[in-house]
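There are two complexes below, and they share chain A, which is joined by chain B in the first and by chain C in the second.
After this line comes the complex of A and B, so read on.
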């Protein structure tokens, strides 16, 4: 459906994306990567905002630059969202409907549906500048899903959301995901675990992994250990301390180790374990 | 057009600033004619207040495209009809319409007004083109706005209006001769729009 072929992008002499190849189908993808890994640049290239130096993005086998269908189907939420501060939320949604060339007779129903998806229907007459950060974020999500959007790119959609709003966001994604390609860029692993079927891990502009969440978890199979703090030093070989937490007054370390240790490994490694194993070269 | 209306709606009170300046221009001309009947001074007042504020709406709308959080959304769904340059012309047309209404009022105070009206509308086009180019070139809207006011206030004053870089007319605006400068100004406006459009195409591609 959406194919990224050999895509490279540089800013001046700095190469940010290195020959990226991706195949995206109708499901929810999590684009995981550290800050500065190239997630936003990749999404902007895929949305047609940036022209890559090399490679192309195809939608139904047609370059996105030449595909009217792609613009018709696209929903995009940038990292920062909050333009037209003096418009009401409803007017802002009308503006987005104009941008997406939605039929005027459908504005009302489309806006109602999008706003109810993000639980902002009661705020439709409020001006954007009076909304809280979380509400603006949700209004951004609403504008991305409004209309016919079959391909939705969400760049850090949960940044700035409180736990309740994050939970609502995940529920919303699970509600709307049918027959849609949704790419969620984030560095929050729990978000990916909660609502994505597939994961793309990007590091320093290179795709390290593309597969299902379970496959990524398997990258940490027999590599994650929960040990007491004092035993942490006894873990030999290449290792990475992922978490330090307190259980019943005792400090425990969650350690990722490349080699098999004399401690029992975690039977069910988490997505975070898998991701960190991959990024730290422990997998 | 619907989008432009919403963009103007977003300006709220600031949308009415040009209306206020036009009313001030009306009062200014009325006061000048009562005291001295100096048509040249009237022309200067009109050029300061009417031409000077032509860039107001375009600059504030460009601000959303250059500075607002989430401006990428405005660029993602771009199409041939969505060019900023088209918006600049539409805003110029809207402003010219307001100027025509004001000049209908002026026609009750002095005659003829047609040459000054044409000159003023062309000046407005030039200043909008200049603001458009500078905003896209500098990726900033504040400096072009300041530059616009500095330019207008300096060169619309009678004492400086005969300098070659002035776009303003001088003397009594009662003959078509005052439009000689306007032809050159119109050509320069066209050139500026051309340069600005090139910048605009690049703005979409690489400047977010």
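After this line comes the complex of A and C, so read on.
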């Protein structure tokens, strides 16, 4: 459906994306990567905001720049999102309907559907300036999905949200994901784990992994160990201490190790284990 | 249930969407208190300004000044529109909206479009108010001169509608380009305002004052001109020349369209996400800049109303006295030949482009000297058969060395004068000015004034003028040929713009309000002038013929011609008279008489003479009744003449050579001379020509002196007359 072919992008002499190839279908994708890995640049290239130096993005086998369908189907939530503070939420959505060329007779139903999806229907007559940060992010998702956008790019949608809003966000994604291609860029692994079927891991402008969440977890199979702090030094070979936590008053280290250890490994590695194994070269 | 779906046509959908976007942006504007409240205040101020202008019109009845007052603060409105357009547009950046709007398929561009449409609505309210007022003034004063109505319509479009919209475009473009960098935007806005006022004048003069670098001043003014949206900028006290009207030369329209299109390309560039279109916009924008700068530098003759070294007020003064182009002293360089015929092909576009073929009467000279104002750059001189002829140019003078026997010479040149303008808006080229080659070396400027030096003999003229304006000339028109003239005269005067033939042989600026312009009033004034000339000639017992108006055409020329000039109130040529304004018959008669006087007579003294001669001394003039003693007057006169010789013989070198006590003495003498200058001349004139028992003899004696070529000091005769009178009384 959406194909990224050999995509490279540079800012001046600095190459940010290196020959990216991706295939996206109707499901929810998590785009995982550290800060500065090139997630936003990749999303902007895929949304047609940046022109790549090399390669192209195809939608139904047509370059997105020439595809009117892509423009119609695209919904995009940038990292920094805001709206006209002077308008009410409903008026702002109405304005977006105008820009998205939605038929005037359908404004009401489209807005209602979008706002109810993000649980903001009761706020539709409130001025934007009275909404909380979380509500603004949800309004951003509403603007992205309005008009039944089939391709939705969400760039760091949970950044700055409180736990309650993040939980609400995850539920919302599960509500809207049907028949849509959703790409969520984030560096928070839990978000991906909670609502994405597939994961794309990007590091230093290169795709390290594209597959299901289970496949990514498998990258840490027999490599994740939960050991007491004093035993941590006994882990040999290439290793990475992922977490330090306290269980019943004792300090434990979650260690990712390349080689098999004399400790019992975690039977059910997490997505974070898999991701870190990938990016730390332990997988 | 049967549902019938009626789909609207695409254009209707677009229209509805546009209307909706427009409504939303207007709502944002209304709800933004930092925008809507100042806007309402500005609307109140606009209404107040119109009311003030109307009051001024009612009180003084000077339409040009009223409109001048209306135009005066326009740049402040432009700056205000920059502010509101910037603050409205920058909301897109303040709230991080541009990125996602770009993904809506020109969503950002559509939003900017809606903002511009909203701004257009906002600017149109004051713009239409001002425009309606100017048009109303036309009918209020019963102008009945359609070119003036056209002028006002163009003025409304350029000075109000386009200027305000330029403000809106600049503000929006700055929001698109500089985003929320308010410091940059407001600094640029202040710079823009600064350049649109007269404030830079003193700053721009610094390079000239410090380093005599008037070229730097010229460049600075070029930059200023390029961003001057409303001419006659804030702070300017220059009056509008009725012949010219408000400056609206083609380059001003070019600049207006540039300042609309360049911001538009900047907005488009910022709106387009990627692709070839962005490169195309960049190319178009660059081309626009290059093209506009190119055409702007080709703007040619304009009426520069400020104090720069090339302005119409001080341009020639600076050229001849300060910048080092002192004209060659010309005694002993008389006109040795005369020009019998001129064939001129003149094109008045951005400036005067001329091809002048002249026929000379003396074929035996080795070199021929001509005078052509230095602003006209000579491209070539050739003989009638097209052969180039060698020439040397020194300022206003051209020395041509044609092969022996050459009878006809063709001069090709182009250029301008800061004062005597010729462009697509107006033409003011009086026959006494050397805008075409004149025989011999004639002085153009002397003693801080223009010099009128007319050939004594007539030449035959055949003239074709290529201009978008109907041109008026002293020569008869060639029937069937627009702007073609043929006839004999000693000077060719060309006038065009807001100009008209008022009556037979009478031409004037119809919108001139300080002088007579109506047909009846002018005819009466001219008749009265003629009658008064006859009367005074009878009194003087001198033949009136040389002074009579007769069938001479009379051309009113801009009043501004009197600036820096003591000689242009009236200039009498063989077939026509130019005057800076006819106010009444007596004054006009006096001006005509004065025009015949030799130029060495001091204007204060000769004016006072004429007031006495025409018995026109003001009833309130205390000199009519103040006791006067010829003996003490003679003593004062002798002191004044002594001081005059002292001051006029002083040079910088001589002054530096003086000792300190001598310098102090000299400076005291100079001060005393300045104090005496006007009152003593007026007193002497009033005594000799009004109070003296021998006033009739005195009047005749001075009349003969003024109309002679005598080199004697004009007050030496007064001294002699006083001595005679005292001697006569003693006997």
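Assume the second predicted complex is superposed on the first by the 283 of 283 C-alpha atoms of A that agree within 3 Å, B and C clash if a C-alpha of one lies under 4 Å from a C-alpha of the other, contacts with A are read in each partner's own complex, and residues count from 1 in each chain.
By definition in this document, a residue touches a chain if its C-beta (ideal position, glycine included) is under 8 Å from a C-beta of that chain, and two chains touch if they have at least 3 such contacts.
Computed from a predicted model, the values in this text were never measured in an experiment.
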Looking at the overlay on chain A, is there a clash between chain B and chain C, or do the two fit? clash
Let me test your reading of the model: by the given contact rule, A:78 touches which partner, first (chain B), second (chain C), both or neither? both
With the two structures laid over each other on chain A, which partner does A:251 touch: chain B (first), chain C (second), both, or neither? neither
Tell me which partner A:100 touches in the superposition: chain B (first), chain C (second), both or neither. both
Where does A:65 make contact in the superposed view: on chain B (first), on chain C (second), on both, or on neither? second
Chain C has the stretches 164-172, 200-208, 416-424 or 488-496; which one runs into chain B? 164-172
Footprint intersection on chain A (chain B / chain C) at 44, 47-51, 71, 74, 76, 78, 80-87, 91, 94-96, 98-101, 104, 140, 143
List the residues on chain A that touch chain B in their complex, please. 44, 47-51, 71, 74, 76, 78, 80-87, 91, 94-96, 98-101, 104, 140, 143
Along chain B, where are the residues that touch chain A in the complex? 2-3, 6-7, 9-12, 64, 68-77, 79, 82, 204-206, 208
Touching residues on chain C, where the partner in the complex is chain A: 13, 16-17, 20-21, 24, 27-28, 31-32, 91, 94-97, 99-105, 107, 110-111, 273-275
Please name which positions on chain A make contact with chain C in the complex. 44, 47-51, 65, 68, 71-72, 74, 76-78, 80-87, 91, 94-96, 98-101, 103-104, 140, 143-144
